[in-house]
Each structure stands twice: as C-alpha cells, then as structure tokens.
Amino acid sequence: MSIDHRSILEGVRDKKISVEEALLKLKEVPFEDIDFAKVDIHRKLRQGSAEIIYGESKTTKQIRGIVDAMQKNGQDRIMITRLSADAFADLSDISSITYHEDARIATIGGFCEPDGIGRIVVATAGTSDVPVAEEAVVTARFLGNDVTTIYDVGVSGLHRLLAHLDDIMSASVIIAVAGMEGALASVLGGLADCPVIAVPTSVGYGAAFEGMTALLCMLNSCASAVSVVNIDNGFGAGYVAGLINHKKN
Amino acid sequence: MSIDHRSILEGVRDKKISVEEALLKLKEVPFEDIDFAKVDIHRKLRQGSAEIIYGESKTTKQIRGIVDAMQKNGQDRIMITRLSADAFADLSDISSITYHEDARIATIGGFCEPDGIGRIVVATAGTSDVPVAEEAVVTARFLGNDVTTIYDVGVSGLHRLLAHLDDIMSASVIIAVAGMEGALASVLGGLADCPVIAVPTSVGYGAAFEGMTALLCMLNSCASAVSVVNIDNGFGAGYVAGLINHKKN
Amino acid sequence: MSIDHRSILEGVRDKKISVEEALLKLKEVPFEDIDFAKVDIHRKLRQGSAEIIYGESKTTKQIRGIVDAMQKNGQDRIMITRLSADAFADLSDISSITYHEDARIATIGGFCEPDGIGRIVVATAGTSDVPVAEEAVVTARFLGNDVTTIYDVGVSGLHRLLAHLDDIMSASVIIAVAGMEGALASVLGGLADCPVIAVPTSVGYGAAFEGMTALLCMLNSCASAVSVVNIDNGFGAGYVAGLINHKKN
Amino acid sequence: MSIDHRSILEGVRDKKISVEEALLKLKEVPFEDIDFAKVDIHRKLRQGSAEIIYGESKTTKQIRGIVDAMQKNGQDRIMITRLSADAFADLSDISSITYHEDARIATIGGFCEPDGIGRIVVATAGTSDVPVAEEAVVTARFLGNDVTTIYDVGVSGLHRLLAHLDDIMSASVIIAVAGMEGALASVLGGLADCPVIAVPTSVGYGAAFEGMTALLCMLNSCASAVSVVNIDNGFGAGYVAGLINHKKN
Amino acid sequence: MSIDHRSILEGVRDKKISVEEALLKLKEVPFEDIDFAKVDIHRKLRQGSAEIIYGESKTTKQIRGIVDAMQKNGQDRIMITRLSADAFADLSDISSITYHEDARIATIGGFCEPDGIGRIVVATAGTSDVPVAEEAVVTARFLGNDVTTIYDVGVSGLHRLLAHLDDIMSASVIIAVAGMEGALASVLGGLADCPVIAVPTSVGYGAAFEGMTALLCMLNSCASAVSVVNIDNGFGAGYVAGLINHKKN
Amino acid sequence: MSIDHRSILEGVRDKKISVEEALLKLKEVPFEDIDFAKVDIHRKLRQGSAEIIYGESKTTKQIRGIVDAMQKNGQDRIMITRLSADAFADLSDISSITYHEDARIATIGGFCEPDGIGRIVVATAGTSDVPVAEEAVVTARFLGNDVTTIYDVGVSGLHRLLAHLDDIMSASVIIAVAGMEGALASVLGGLADCPVIAVPTSVGYGAAFEGMTALLCMLNSCASAVSVVNIDNGFGAGYVAGLINHKKN
Amino acid sequence: MSIDHRSILEGVRDKKISVEEALLKLKEVPFEDIDFAKVDIHRKLRQGSAEIIYGESKTTKQIRGIVDAMQKNGQDRIMITRLSADAFADLSDISSITYHEDARIATIGGFCEPDGIGRIVVATAGTSDVPVAEEAVVTARFLGNDVTTIYDVGVSGLHRLLAHLDDIMSASVIIAVAGMEGALASVLGGLADCPVIAVPTSVGYGAAFEGMTALLCMLNSCASAVSVVNIDNGFGAGYVAGLINHKKN
Amino acid sequence: MSIDHRSILEGVRDKKISVEEALLKLKEVPFEDIDFAKVDIHRKLRQGSAEIIYGESKTTKQIRGIVDAMQKNGQDRIMITRLSADAFADLSDISSITYHEDARIATIGGFCEPDGIGRIVVATAGTSDVPVAEEAVVTARFLGNDVTTIYDVGVSGLHRLLAHLDDIMSASVIIAVAGMEGALASVLGGLADCPVIAVPTSVGYGAAFEGMTALLCMLNSCASAVSVVNIDNGFGAGYVAGLINHKKN
C-alpha cells in the first residue's frame, strides 16, 4: 500500500486531484498496492527473478503469449510445468529455453544460484515415482535451492534407505515421493528432524486406487513432521520445500 | 468317509438294510463322511483337541449350551472369542475356564504344548494395537504355537523395531498389527524371509477411516511376503499363522 | 554415532572390553548413537528441553509413569496431548502442571521463550474449529514459537479475513484450520508468501463427511504454498509449523 | 385442462360422443391438457419461442429428425447441447444454425432479446473451467438473459476477483464454475446478495476425483445462498439461472 | 467506498491529516466501506429487518450475548437455527421469543409480512422428512415469504402427489425434501416450471448412507430445473428460495 | 378410470352437470379412479385383506391412529413393521395383536391361509442374520405364503447347506440373507432353479462396512437368478417373494 | 441321488462290489447324481430347450467350440450374450444364427413360443438406456416370454409414463431400466402390483458415477416391490423376469 | 552383525585401526552385515538360486541391464513379471529365456525341481481369472513348488468345484483367484484345512468396481483360513504360497 496510494494522496494534498477523482481512483486500483502480481496461480517468489506458468491446459500459442508478456515485463527467468515433449518441440526456438524431460518442465533463463538456508532431499520409494520427484527437483532448483536425490529406497529394502542416513539427517526439508502404500514418508519422518513434505503418486495397481491409498497412508503418518500435497503434485512439494528453505526472518 | 457310510454299506452287504433304506440313509447324512464337523465357523483343527466358539453375537446361555454339547462330545479344550468381561463373569463357574482380558478370549482346558515347526512373532505399531494383537496371540497359543510379542515398534521409530531383528529374522510366521498408516507390515515384509500376516486395526482418527487406510496400505505393500486379513481380525491372523506353523506334509 | 560407540571402541582399544563383549554391546544398542531417543511417537526436539506424550489411548497411571521416567531423565518440560479434563483432574497434583482446556493439552514446566525465526499465525474458518486450532497453538508455543491467532474468518465473510492482512502477510508460517468446505487454506495460500499448513476439521454435517470434504478441498488447493495434515490434527500442524519456524541452517 | 377435455365434454353434452367413447378418449389423452409438451428432457420455457435438444447420445440423423419435427410445429428457435464439432459439421446446412464451439452448443434462430429482470454473472476459477461456463452462458442467452462473464478469478488470487466487485454485487443470479477445490462458490456467496448456482467441474487431477471434490466443497459452502448442480452441468446451471432471472409473479 | 474514504481524503485535502497518516488509515479500514455487516455466516437480508444465528455449536450463554448485541444494534427480528428444546428452555425468557419445535428454530420478533413475488411450496417424500422441511418453512417465513406445504407425497404414491398439481404448477419456487432415493425432486422438476431446490435428508437405512444416496440422486436429476443443497440443510434451501422469491430488479 | 369419470360424463350427457363444472370435477379427482389406495408406502395386496404400516419413525400414538382408521375402513388384518418391543408394549391392548419379537413386527388379525403357488425358503448364513430373516418370514406369512427356514448355513460349511438340498430344489422363491461376504446368495442361485432374492445384512465388522460388502457381493453374483434388496431389508424381500409366489395370470 | 448310488448299493448287496470299493466309488461320484449340467454360468432352464453362453471374454473360436459341443448334445436353441458385431461376423456362418444388434446378443434356433403365465414389460428412462433394455428383452424372449417395451418414459415427463398405464398395470413382471438418478423404478413400483426388477445403467456423467448413483437409488426405493441387479445387467434382469413369469407350481 | 563388525573391532584391539577410523567404518557399513541383497522388490529366496525382476514399469533396455548384472553375479535363474509379449520379443535372444504368455512372465534358466513340503492348488472362479492365476502358478513353480490347477469352478456351479475335493483336501496351500463376488475363497476355506491365499481379480463389470467388490468379499470371508493379497496380484499369491510351502524349521 505504498506508491499508488501515496501518489493519489499527494495529488489530493497538492490539490491536483479532486476528492471525487481520488475516490474513483482508489476504487479502480484497490489491491495492486498490496503487491499482488501473480501470473496464473504461481506467485512471484522474489523481486525480479522468477515466474511460473502452469502448462497443463494451455496451448503452445497461449504459453508463448504469456512468456512474451513476462519477458516484456523484465522477467528473465520463467518455468513452464506439465509441458509435454511435443509442446516443448513447438516452443524450442525460445531463447535459452531448456527441457527437463522426466520432470516435464521447461525453464527459460536457467536455474539461479542456490541461496536457501540448507539442502532439500528428494527421495522416492521406487523408480516409477521418479517423474513426480523430478518435477519437485526442477521446481526447487529453479527457485534457488540445493537439491539431493535419493531414488528407489522403498521401505521393503530398509538397508538401501539407511545407507543414505547422512543425507537424511542433514536435510533442511525432505520431499518423500511414493505410490503403492506410501510408507516412505513415515519412515523418513521418524529418521529426520526437519519437515517432510509427502507426495503420494499414482504408481501401483488394484487397491492402490491411483494414489488414493498412498495419500491416505501419508495423512495418517505416525511421524509428526509429515504434511501432504495432492497426488502426483511434485510441483507443489518443490514449491513448499523452497519456501521453507528460504525462511524469511 | 468312514464310519457311517461303511456301516450302512455293511448293513446292505449283510442284508440288514434294504437298498431303499440305504439310499434314504445316505441322503440323510450325505456329507458327514467327508469329515466335516465344525461348530460355528471354526474348524476342528486336530482330532480330539480343540474347538472354537465365536462369541460376538451369542448370549452366555447359548455359549454355555454349546460348551456343554462340545464337552459331551469329548472336547476337552475350547476357546471362546470376542467375549466381554461381563459375559465371562456369567461363565466363570465353568471348570478350568480362564479369561484373557486384553484378547477378550476365554479358554477352557488351557493351551496345549507348542508343537509347531517354528515360532510366531506378533508385532504391533503402537500400544493401542495390543488388544487386537493379543487376540492373535491367545488364538495361536491355544492352537499349539510358540509366540513371541514385539509391541510398540511403529515405523516412525525404526531403532525400536531394528532392536528386535533377531526375533524377526528367525520367525516362522510374522503377524504385523497396525492402525493409522499400517506401514509396519511392509517394513517387516522387507526384513523377514517368512510369510507376514498383516492385521489392520481401527486405531487412528480422521482419515484413518476406522482401519480402512491401514487395510489399503497393507494390501499395497511393496513387500511380496504380505497377505492381509480383515480390520481388527486378530483371531483370523492367529488362526492362519497357526496353520502355516503346523504345515502338514 | 559418537559417545556410546566411541566408548565401546575405546574399551576395546584399551583391552577393557573383549571383542566378543563389544560385538554384543554393539548389537544391544545399535541405533541409540544415531541419536534416537523418542518417547512415544514424538521426537525430542532440542537437547534437554521438551518431550511430548500422546495421551489419547493411555491411562492416567501410564501417563504418570512416563512422566516420572522422563523427569528422572532430566526432562523438565513435558506436554501431554489429547488429555480429557477428567484425566487431567487425576494428574493435577503433578508439580507445575497446567491444563489448556480448549486444546485438551497439559503442559509441565511451562512454555519456553519463543526462539523461532518469525511468527506463526493460526487462523480458523469458524468458532467450532477453535479446539483444533488451540491444539496447534499450545503445541507451537510449547515448542518455543510466537503465535498469533485469527479466529472465525471464514471465506464467506472476506472482510473479516482481510482485516487481518498485516498479520497474514508478515507470518513465518500459517496454520489454516477449517471444516465444511475448507476454502480458508486456498485464500490464505493466495494472500501470504509463506508455507500454509492446512488442518481440515470434522466440523460440519451431511456431505462434510466428518472432515473428508475439507481434507479433499485442501489437497486440491489452487494455491501452491499449501500442504495438509490429517483431519483434526492440530498437534501435527503445530509441530510441523514449529519445525519450519526453527529452520536449522 | 382446457381444449381437449372441454371438446370431449361438449361432444358428450351434445350427444355427438357416447359416454363410452368419451371414457376411452379421456384415457387416451389424459395428460396433454395439463400442458405437457416437452421434447426430450427440456421444457418449453415460454409459449412459441424455444426448444432444447440434448445432443449427447443422439446421431446427427436423429437430431435432424427432431429439428424437422419441431420446425413443423412452428418452433423457430432451437438449441442443441453437447454437440461435437464433427456432429455440427453434419448439420451445418440447417438454415440459420450457429455453432458455439467452446460451449459445444448449436443454436437455430439465434438468441432472443434479453427480457429477464436482471443480469446473470458467470464466473470461473480457472481458464480450464471456461467450456463448462460457456455452456451455461449460451444456454442463458438462448433463454433470453443478459450475461456477464468473469473468467479466471480463482480464490488464490483474490485481487482479480475483487476487481469485479461491482459486477458481483449487482448480479441477479451468479453461476460459479470451478474445479479443484471449488472454493469460488463460497467466496462469491459471501460477497453477493443473490442466489449462487455452483457448478463443479472435472478440472484437476489426483484427489480432485474428476469433480467430486469440488462438488462436495460446494455442497458444504459456508455461504447460505449457494445451491449446486451436477459436475460439468453448465446447461443445468444456465437453465436454473434463467428461470430465476425470469421470475414469474 | 464512500464516507470513510471520503473523510480521509478531505482531511488530506484540508491538510488536517498527513499523507502518512492517511496511508495508515486507509490500510486499517480498507473494506468496511463496502458495507459488510454479517453476524455469523448469515447475511443481513434487508436493511433494519432480520438477522440469523446458527445455533448448532453455540452455548445458550453465547447465543444470549449475540442476541443482546444485535438488539442493541436495533435489530428487532432474529432467528436462531439448530436450537435444541433444552437450549430453548434456557432462552425462553427473552422477550417475544417463539420456538418452532419441528424446525428446531427460535424466532424473536415474529415473522414479517410476506412480501415476495410469489409462493414457495415445500414438499416432502415422507413424514420422516418433515423436520428438515420445517426448517426450510420457518426460514422462508421468517424472511418474508408465503409458504405452502405438501407433505408425504413420495413418488411410490403418485396419486397423492398429483392431487396437489395446482399448488405445484403455481409455485414461485419449490423445495423438494426427500431421503431414501430422493426421486421426488425429479418428478417435481418435471411437473413445475419454476426452480426446484432439492434437499436430501438422512432418512433411510442401509444403502441410503445417511443421505448420500438421495444427494447423488438429486444431483443427477433428469429434470433441468433442479439444484441441490447439503444433506438435511433445510435452512439453506429456505434461504435460497427466499432470495429467488425476492428477486431484485 | 370408470365409476367417477363415468358418472361425471353421464351427468354431462344428462345435462345435470355443466361442462364447466365437469371440467372442474375432472381436475379435482383425476387419479382416484385408477384405484390407488395405499396407506403409507405399502400397497394393499388383495382386495379386503391386508394392510401394512411402516413403524420405524412413527409414535405409538400415530400408529394407533392409523390402525383405527384402517379398521374403520373394514381392514381386519394389519401388519406393523420395525416396531420395538417397547412400542409394542404400548399397543398390546389392541384386539388380537401379536408381537413377533425377532422380526420386530406386530400383526393384527393373524396370518391368512397360505394360498401361494409354492413355498418360499428363507436361508441365512449365520445366526446373527436371523432377525432380518424373520422380518422376511413374518412378512411373507402375513401375505399368505408357506415359508420354510434354513438358518446358519453359511458357505464355509457347505455340508450344512447341502443337507437341505431338497428344500432348496423345490422352493418357489428363495430369500438368501447374509452379512459379511454374502456368498450364500451365489451358492443358492447356482443350486436352485427359482428366483433368489438376496438380502445383505449389516452383520460383520471392519471391511464389512455395515452391509456394503455383502450388498456389492450379491449384486455381482455369478448366478443369474439373483436380484437384491437394500441392506437389512427383510420386509422388502418377503414382500417381493410374496408377489412372485402369488403370480397373477 | 438315485441311479449311481442305487447301482453301487445293489452291487454291495449282491456281493459284486466290496464295501471298500463301494466307499471309494461313493467318494468319487458324490454329486453327479444331483443332476448338475450347466454350461458356463447359465443354467439350462427347461429340459431339451435352451442354453446360454456368456460371450464377453471368449474368443469366437472358443464360442464356436462350445456351440458345437452343445449342438452335439442335442441342444437346438442357444443364446450368446455380450457379443460384439465383429465377433458375430466371424460366427455368421453358423446355421440359423441371428444377431440382435442393440442387445449385442446372437441367437441360434430362434425364440421359442411364449409360454409364460403373463407379459413382461421393459421400460427405460431414456433412449440411451435402450441397449441394456434390449439385452433384457432378447433374453426374456429367448426364454419363452411375451415382452412389451415402453422406452423413454423418464420421471421428469410423467405424462409419457402415465400414457402407458394399462401396460404397466397388467404386467406380470416389470423391468425398469434407468441411469442418472434411476427414479423410474420407484415410480413403476408404486404404480404396478407385480415384481419390479430394476436395472441401473451407466448412462449419465459426473456424479452419476457410471451407474453407482442409479444403483443406490434403486436399492433405496420407497416402493416395496423393487429388487435390483448389477449395473447394465440386462441379461440378469431378463433371466430373473423369465423365471418369475414361468412360475413353477 | 558378525564378520565386518568383528574385523573392525579386532583391528581396533590390535591397534591397526584408530578409534576414529573405526567409527567412520561402522557408520559406512552399518547394515550390510545383516545380509540384505535384494534386487528390486523381490528377495533372493534361497542362496544361489533365483532372482525376480518386476517388469511393469521398466524398459527392455533396463531389464536387459539388470539381467546382465544378475548373471555376472552368478545368478542362473531369473524371473521377469508383468512383461508384455512385445517386450518379450525384444528380449527373446537372451539365452534359455522362456515366455509364459498367459502369465505374462519370462523365465531364464527354467524352473527348479519342486522341493516344497506339499502341493499348491490354484483355483479360479471363471476362465477370465486364468491370467492372474497363471501368474501365481508360474511364480510358484519358478520358486520350486509343485502346482495343481483347478480352473472355472465358481460357486454357482458347486458340482464342478466338489468334483475336485481330493485335490482341495490334500493341498498344502490353496490360492483362490476370483473376480465378481469372489465367493470362491470362502467355499474353499470351508472345505480345506490349509491356508487359503485369496486373489481378487478385476474381472466383472458395474458394481464389481474393478476388483474392489471381490477384495472386500474375500476380506470378510466367514472361513478363518483366508488371507488376501492385492487385486490381480497373482505374483504375490504365488510368492506367499511358496514361502508357506517351504516352511523353514
């Protein structure tokens, strides 16, 4: 609530704007001064740095339009999620665009230097969970985080998981990605002393119910440090982990 | 297919019974010779030893009647499941009856000597799961099994579970009893090399859905050795484990 | 992996302990050196300060026993969750115990000074959500966090919510507690630039399905900063928020 | 209950029809006189103006046949819902037919002049909800309503929604179209003082359960003015809103 | 956005308030000028007339306090929903309070004269649905509507329903209240030419799932004029119907 | 459509009634002549014999009133379903009333002589299913059917079921009553060559989901002769079976 | 239990077979004498007339083989259900085979003369329900029943349904086929005095949940005469209706 | 916890390794001595014999790589599950590889000689359940078990099932594979005196809910000997049965 409101008020004080005009102006721009400037559902995280486009239901033409608008606004780093390889092919002429195939994410302008307060660990129960995990990884790196991955460490092979105890114990935030019974989040939540973001995946068959079972399992974790995002929502997990790892004071 | 059928046939051979009479008799007792002799839903496990009464929906008068009938048939060891403390009070005058309070089971004639081929391990995730576990324990002991219990070893405290690795690795069968997210079965299934019978419990709140979440979790276990029984069905788990531990050749 | 293992190894080096004895000792305490020391499902957060007892399924006798054991171990601050007023009455003679009625939590030794990096905001949609919120508040305060509450700011009365915009914008973590349609989490997630922990409550009737609807709503939040805990799990939300607000570097 | 019955009765009075014949005739046309004259599931709204064909499960041949029959009955304005672009191509030679691509609706004879008592506002949470919204818009316009659209104003970006406060406050009826968590209906219901028809959409993934979550959310709205139609049922919302906006006295 | 904002601006123009003070003031009262003045979740419907208190989770002491506050604000007509007979007994000394037992509603200051544009018809499938229907009836009457009731006209006895065809055909809005299979809404929606608000009730057993089946049935109505509120939500139905019957121009 | 309509028409023909009066009369009594005369949800089965009152949600005062009205209408045999023992005690002074305790049904005027074309067999899986079965038995007997019962013949003890093969093979209709997994209906449907009405019961625990599992099982029966009624709906099964056993030609 | 058992017994009596041999023989053929002779899941209805093959999961080669085997056994009339048009093309050279396209059924040897005791009425709510209805129609006709169809008489257009009151009132059995809210079964059950077999269909969208809603609705019918078969199970409905219409005495 | 730990300790005792080095070493190899050596989710069953690869989500390139690695480790017998015919074609050049088409399993190195303590019986309700059954059969055979199959013995044709009574009564373990209502497991559990592993299949339509109904049915079996694995999980059933049939002493 600074520049616009202030300039209107100064105009009134200086009699350059009538009270009536000022009332109208206040009505027209009532919220911009609270610093809302999102594109799509994603917030600008830090001034002058990064914007995110949710690509799922957008045509490449729409995406190109949004990218153009952002770049004209001085936005030099942009991330596009849920982008198919075919859609990327259409956009591959955009300057400095890169495609992260497993994650189904395109980035423009590269990752920024990690400036978080610690390291994010992304673990998966199986290899089928990797694409969801990669969505979290690329999101977190794009938002300036240092990320370590520990893949294929499901709880039926504890030795594989425990072999990474150092990484687990020293993480700033952990993202646990698992389908089927989703027990990885509980075990990690019991081992670590940092927040664990659990991401259920739609991996599995039969009574896995496309991720519902993993989701319920994670919500009922006996470990207190666990909170959960939607099924296959790697982006959300990477985003929340990035916020936690960039704790404002 | 022995006594009855044989005596009918001998009667026919000896002309003491006409063919028509024999046909009628065969019709009247057509299946007893295949050796069906259940009381209620529970099978007689071994000749001359043990019978089981499902007490849930029976009055103490009905139970007393069934016990009388069994004892007249020479059955010296009887187990009554899902029996409340109040119902037991009504039955406490029966000779040599004992009440196992946590398990809500009464036994008559005591446990028989363990004669299984190994040891059954019953583990629980929390202390609230103990009553269901005890139902399994008493059932298994009544059916002649050696049982070891490992309680309160949920996966959010792996060290407590791993402290019992010897018991786990040397078990003949493991019964994993857990509510909430039910991940214990998967971890045990990964550690042991024997069958794991998973018993989901109705312990938990909210999205635990009275055991549904633990049930689904256990059915989706990434460990191959796990099979599952109904929510809170300690009896069934103890029964199946007893069968496995008394493998017939 | 320091004191215990080291002293065993030094004993071996100094020939005070035989190799066989050492092997046995290593087996007996194999994980304590990784710094596991939980009581119940709750981790010791910081050395020498705070322990948590989950009171739900425990008798007051059991709770008293655990408290005694903890205090003998030098634990001066203890929190007991899900404790009924009746159960507290039984325990009220414990020195320096306090009961937080709405939260159904007893604390021993008081709250410690807030030493987090920011402030936790706990918001509810309605007045019926307050008990769950208070569980989060007392948990967070017990764990050394500064907490601000904003109650009864459901989304059908946006003006009430927006009147607290300053608190919302300056929070370190937000806990959004809501039943019925649970939309509060999405609106807060859109306004704030910090992690939002969403707690669905069982408030509502009919198609609220005892919190299931609020839970699903929160998992599908269009705001990226939202993660979710179990229905009515105020403790978990307070615990995770406390971890985030005490970000380790 | 006028023309037909009256003419039969007059025939009886005038002895042109015997009582027996009259009985038979009454039986054959027993309900037409109550003014039922629907085609398919859609009611004729106002005399001589508009008919609606539900196109989903009909062949273009069937549709053409119904259109012919209607036109022969003097029906000059016809709307066909759930019509694919391919199906429209087959029907494009029909005189004065127009295809509304987003809405998947074809209209014959154009929209009639708005003659409702106010304005219908159709709002969506995201851009993916627009096709369902357009089905509502075209339906409402076809039925003689003035419609304003406010798209992409999901609750995680309140400023975008509040920028349209004037339209919202002055609406006669609001149609709130949203997938995912469907919170838009509650926020609109809190802001406006008119009926809000909520349309859940199948937009979303994972625990969105193809619109089920949005549906449940809307049914549990804390705003009193909200009622709900089936998932993706834009037609129904437009129809109900049209009825409300043409309130008969 | 008038009085407050204007006086602040005039203060600035007249140099009685500095720009900085004005910025602060604008921030503190940003939304009050849009005329929000709800008590609880219920909107004031028309200036100076009626307020509604949701009584479900409130103590009689809390309710008395809210009533006092409202009356001091000049509110002479107040309705309290979901109020048990016992709770009413505690409040019965409040001046001009009346209890509507079936509806579980207390009203203060009586109903106002019906001033809607038509008549609301409330129909139930069975006698068990009557309490929910009465909640709708009292709500609608309190809000100034003329109401006709048609009870116990379930679709398995069509003759009873059709006997009320005149009332049905001449209604301004219909509220269809039904449990079990909830088919009443579809039949009424087919007969009438006005909006039908369907209220599923928790009446029934077995696969009625406490109203879920009726709810799903009503959402899938083949009649286009039907929209639905939450299970047992008679208040919501009466409120929406009242809005429709008081159509603003 | 005979007497009333005819007399109106004759009045018109004979000029005793004007056309306008006739139109009005036709409108007022449009459906009574189709011979609807239900009390509550139950149809009068055969002229002058039996009426049924659904007692569930009725006070004994209401029931007494309905009985009085029926008896004044010459109804000598009346059945009241879902009547608690306490409610019966209040009504026990009614002449010739009898209470069937297991079935929770009271009958007035006794059963009529069986006049069906065959015999109805009612089978249950367990003893806990008997109350639901008895509701079917008393209903069927009240409606003039010969009934044989075969209780406690669940599929885990096939010999007990097969011992009744004669009854099963010679039945006119079979009612299969079972909770838990409900497999009895499929086995009976495979053995018999008559219609099987399956009644799922709420017997069981855990994943029995209060009858839902038995219901789903019965709907998926691999036996073609099976149709299903609601959970615990013994009355419905007895009613349908009675209709089938009294096949009209 | 005649021929085989008798000849064994006579052998024993005549000393041609030893008691031991007889015991063995009795064990080997214990059930064949009860005259089971099904092909697939469908029972032979009447001696020497009709067999049914469930075609869904069978190759045309398998079907041809079964048909051959049946014909060699003297079976002159055969019906094949769930047969695609493509599969029929492969089988079209079989003598006297006919394809019923809507019903997806092939028949060999034609329908037999209707010899039931009345007429079966098959009604649908919409035109999309017709394929399921036709499966019932062809099944019933193949099994020797007279069938009348009443299509597209959903309850939102009561006049269309009531126009067929004569057919409805004179039916021997009614099959009610409906998707969406499935209310047709209740209305028909209220009008008719014969058994109503309800067939939910997967017609609808959104909260129709592929027939689940119609299924639940039909199970909760307030009409007592209704029983239900699986979603889209036209065959089962036709089969049960045929059994009812051929009531054995 | 022997060799490695011992040699480290001996090194410390002998002063060949410093305490610090020893601490590091203990940390690096903390779990290898417990003899974990799984590949993927499948355990090595017996030393030097068999490994299993879960093929579902792996490319043929990945599979070939794992096979190579295993063979280099001296693994001569390997099984690959969930392998499509197309994927097998790519791998068919691997030496001594065989494809089991129904089971969708490839084996390398053949089955080993049966060395279990009895015989496993695999039964299916219908022919559509055979592929899931074959997955169990091949798994069990690969793991050294003698297997008998009894297919197409669903409970609606008891005679077919009972004709195999000898096989059933003499089995060491039974695997019951069934879709639709899944009643086969209960009937087999009642007949046999060995453990029954129930495998629900996704065979069926409508309210079969892709195996959910069979799953619930099996979990609620009234036979005590039944435990259950995930829908379509033939592999798991074969694996568990193999463990039971190789009971370690």
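All chains are identified by letter, namely A, B, C, D, E, F, G and H, in their written order; residue positions are counted from 1 within each chain.
The criterion applied here is as follows: a contact is a pair of C-beta atoms (placed from the backbone, for glycine too) under 8 Å apart; a residue touches a chain by one contact, two chains touch by 3 or more.
What you see is a predicted model, and the numbers here were worked out from it, not measured in a lab.
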Both chain C and chain D are touched by which chains?
A, E
If you tally the C-beta contacts, which comes out ahead, F-H or C-H?
F-H
Dist(centroid_CA(chain A), centroid_CA(chain E)) in Å evaluates to 41
Chain C to chain F, mean C-alpha position gap in Å, rounds to 55
Roughly how far is chain A from chain F, going centre to centre by Cα mean, in whole Å?
60
Residues of chain A that contact two or more other chains, please.
30, 34, 41, 126, 154, 156-158, 162, 165, 190, 206-208, 212, 215, 219-220, 222-224, 230
Following the definition at the start, I'd like every touching pair of chains, please.
A-B, A-C, A-D, A-E, A-H, B-C, B-F, B-G, B-H, C-D, C-E, C-H, D-E, D-F, D-G, E-F, E-G, F-G, F-H, G-H
Over in the complex, which chain A residues touch chain E? Could you list them?
1-2, 5-6, 9-10, 12-13, 15, 19, 22-23, 26-27, 30
So, in the complex, the side of chain G touching chain F is made of residues 34, 38, 41-43, 45, 117-118, 165, 172, 190, 193-195, 197, 215, 219-220, 222-230, 235-237, 239-240, 243-245, 247-249
Using the touch definition up top, name the residues of chain B that touch chain A in the complex.
125-126, 154-158, 162, 180-183, 186-187, 189-191, 204, 206-209, 212-214, 216-224
Taking the touch rule as given, give the residues of chain H at its contact with chain G in the complex, in rising order.
126-128, 154, 156-160, 162-163, 165, 203, 205-208
Applying the document's contact rule, which stretches of chain E touch chain C when the two form their complex?
27, 30-32, 34, 36, 38, 41, 56-58, 200, 202, 210-212, 215, 230-233
